[in-house]
């Protein structure tokens, strides 16, 4: 605008204030922030993780391409949002999942989670989580069969179950293990905080390493790509609520410590990368607090009293559903108008 | 045809409302005819339906109590277990099974309780002579298809209840971790449903074990 | 009076153009609840067929004796009678299927498609048209039930009418035989139906357009 030939008079329609942040730029920040967690996923779960991520991204991008108008295709793919959805979904999958399910999940994420609502920015639910919810409901056993986290030497090891034919079951080679949350819920065993922090536990490929997820989250917070209120509210509520439950019920029961609550399962991954999705979270600061508190409360409630050991998925989806309502009731009042 | 249609038209145009008695009369006629039809179909199907239900129950009892040829219903009333002939079942009733000679074999006890989704009805056979469960049958359940419904579709799981000692409370443990005689391998992916079945059996057994008569004093088969 | 072709029209319209499920979106309760297998869907469709055709026949035959102030109650009495007949007959003849359909057989009474046909059609037309309309509508309903039931059974169990399709290694899509699978499949079928209808209209328009152009050209 400044290189206008005659800057004395500027005729321009609103919005008058512009900033550098565009959709592809915001997406780029999230891609960068996910790098450490993705690297950790590859480190702990080897080539299986790589294959799963590539397949779910392929499923998502391909679906976006198929369901977009011909003349908008290049534009829709190049904002990288579909690929990001695929990556996020891939990070929430168990390492031994058959690849065709990962592809289907990516496809459902975009098809049912985004395109059907009208495309980017119009969806009510987080697409990646919707895809995961579909997979969890459709293939409950495959989605809860966890291979153990491998180490450096096992990078080239691939789960044979990954290569099941479409529509067929995976043949699992290794003994399945339980996630830290599963151990807590069904066996009443705790996992050392050190392992939870580093990430060498069983679980979804991208959720185990708290350290690398925190790094990515910190980057997003520093770049102000996400609203700090949502993570703050989730962390505060979840740790406070689990502390209260722990104090009421005593330490020897299956009630986890606040730190265990924060570092286990998908809480960190969900908090930094899914709950803060600008499309599906509230717009107002007060709304963000309510949204985060709701997630923090629901996740602990579902983990302690639900049928499944992990509750982050449904906690976020439920609060996604409440977002329009929250937005409506937290709109700032117009000055001078009676409510 | 045309006449009739004209009739309708004129009647709908007239502003005069039909009298209440006319309305009541048409309702009554319709209700009466409908009632007659319903009674007729009820009478027609009554025997078959009764037979179906009885056969279903009998088959279940025969399944959980092997080598049974006759059975009768026992009702616990006034602190006593007596033979009943009445139709229907309630929570205070169990079955006694007898062999061809009319000799007592064992009981078939029913229990129900909450499963993962809805109430599960369980029937299990019990031999008081060696305090063993002889078999288990799910009469009714709405557990998740493909997972929870394995409590009656997974024959390994159902088979675990054959000759299962119940002198100690039975327990469901994770698959492959069974060490004790009174333990059951739960179904992978359906732990809650498996545990529900075991809990229902334990509760029903505790309720009935004190009510059953001393061994040798079982009610005789009423051959009528 | 109308000719036989229009009676045929009344029947054929329920199959596709005015399909009770895909176009009118009526009778959703049985549509979602009992379509977890093809056989359940077919039995439900047959039961609805019997009730709808019977009720339409009676309502149309007795229409001049039905006072309009109590017509809804009378329709319900007629429908309920047929439903009870179906309920007891199924209980006697097909007890296993009756157990699976459970409460949804009595709930045919509340299927708004049936009452809707009485109010909108049978009470205004003569017996022949009313019965034709009922046959068409319930056939359309059955087609929709069958489509939904087949998709859900094939994906959810890997079978069709209980016949195994994919072998022992098939991974069942559990969600498909659960209630969410009903909503999902119905939504996708509606999507497909509308997409197809749209395409067909566009195609017909194009054909009409080109033939007009050809005609004009030929005229030159």
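Going in written order, the chains are labelled A, B and C, and every chain counts its residues from 1.
Quick note on the criterion: a residue touches a chain if its C-beta (ideal position, glycine included) is under 8 Å from a C-beta of that chain, and two chains touch if they have at least 3 such contacts.
Computed from a prediction, not measured in an experiment: that's the story for all the values here.
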item: Most distant chain from chain A, judged by the mean position of its C-alpha atoms; value: B
item: Which two chains share the largest set of C-beta contact pairs; value: B-C
item: Rounded Å distance, chain B centre to chain C centre (Cα mean); value: 34
item: Whole-Å gap separating chain A and chain C, where each centre is the average of the chain's CA atoms; value: 41
item: Between chain A and chain B, centroid-to-centroid distance (C-alpha), Å; value: 45
item: For chain B, residues contacting two or more additional chains; value: 144, 146-147
item: Residues of chain C touching at least two other chains; value: 174, 178
item: Two or more partner chains touched - positions in chain A; value: 140
item: Partner chain C, residues of chain B touching it in the complex; value: 1, 4-5, 7-8, 11-12, 17-18, 22-23, 26-27, 30-31, 33-34, 37-38, 41-42, 44-45, 48-49, 52-53, 56, 144-147
item: Chain B residues touching chain A - in the complex, by the definition given at the top; value: 116, 144, 146-147, 174, 188-189, 191-192
item: Chain C to chain B touching residues, read off their complex; value: 1, 36, 63-70, 73-74, 77-78, 80-81, 84-85, 88-89, 91-93, 95, 126, 156-157, 172, 174, 177-178
item: Complex contacts: residues of chain A adjacent to chain B; value: 140-141, 144, 186-187, 307
item: Touching residues (chain side chain C, partner chain A) in the complex; value: 158, 166, 169-171, 173-176, 178, 180, 184, 191
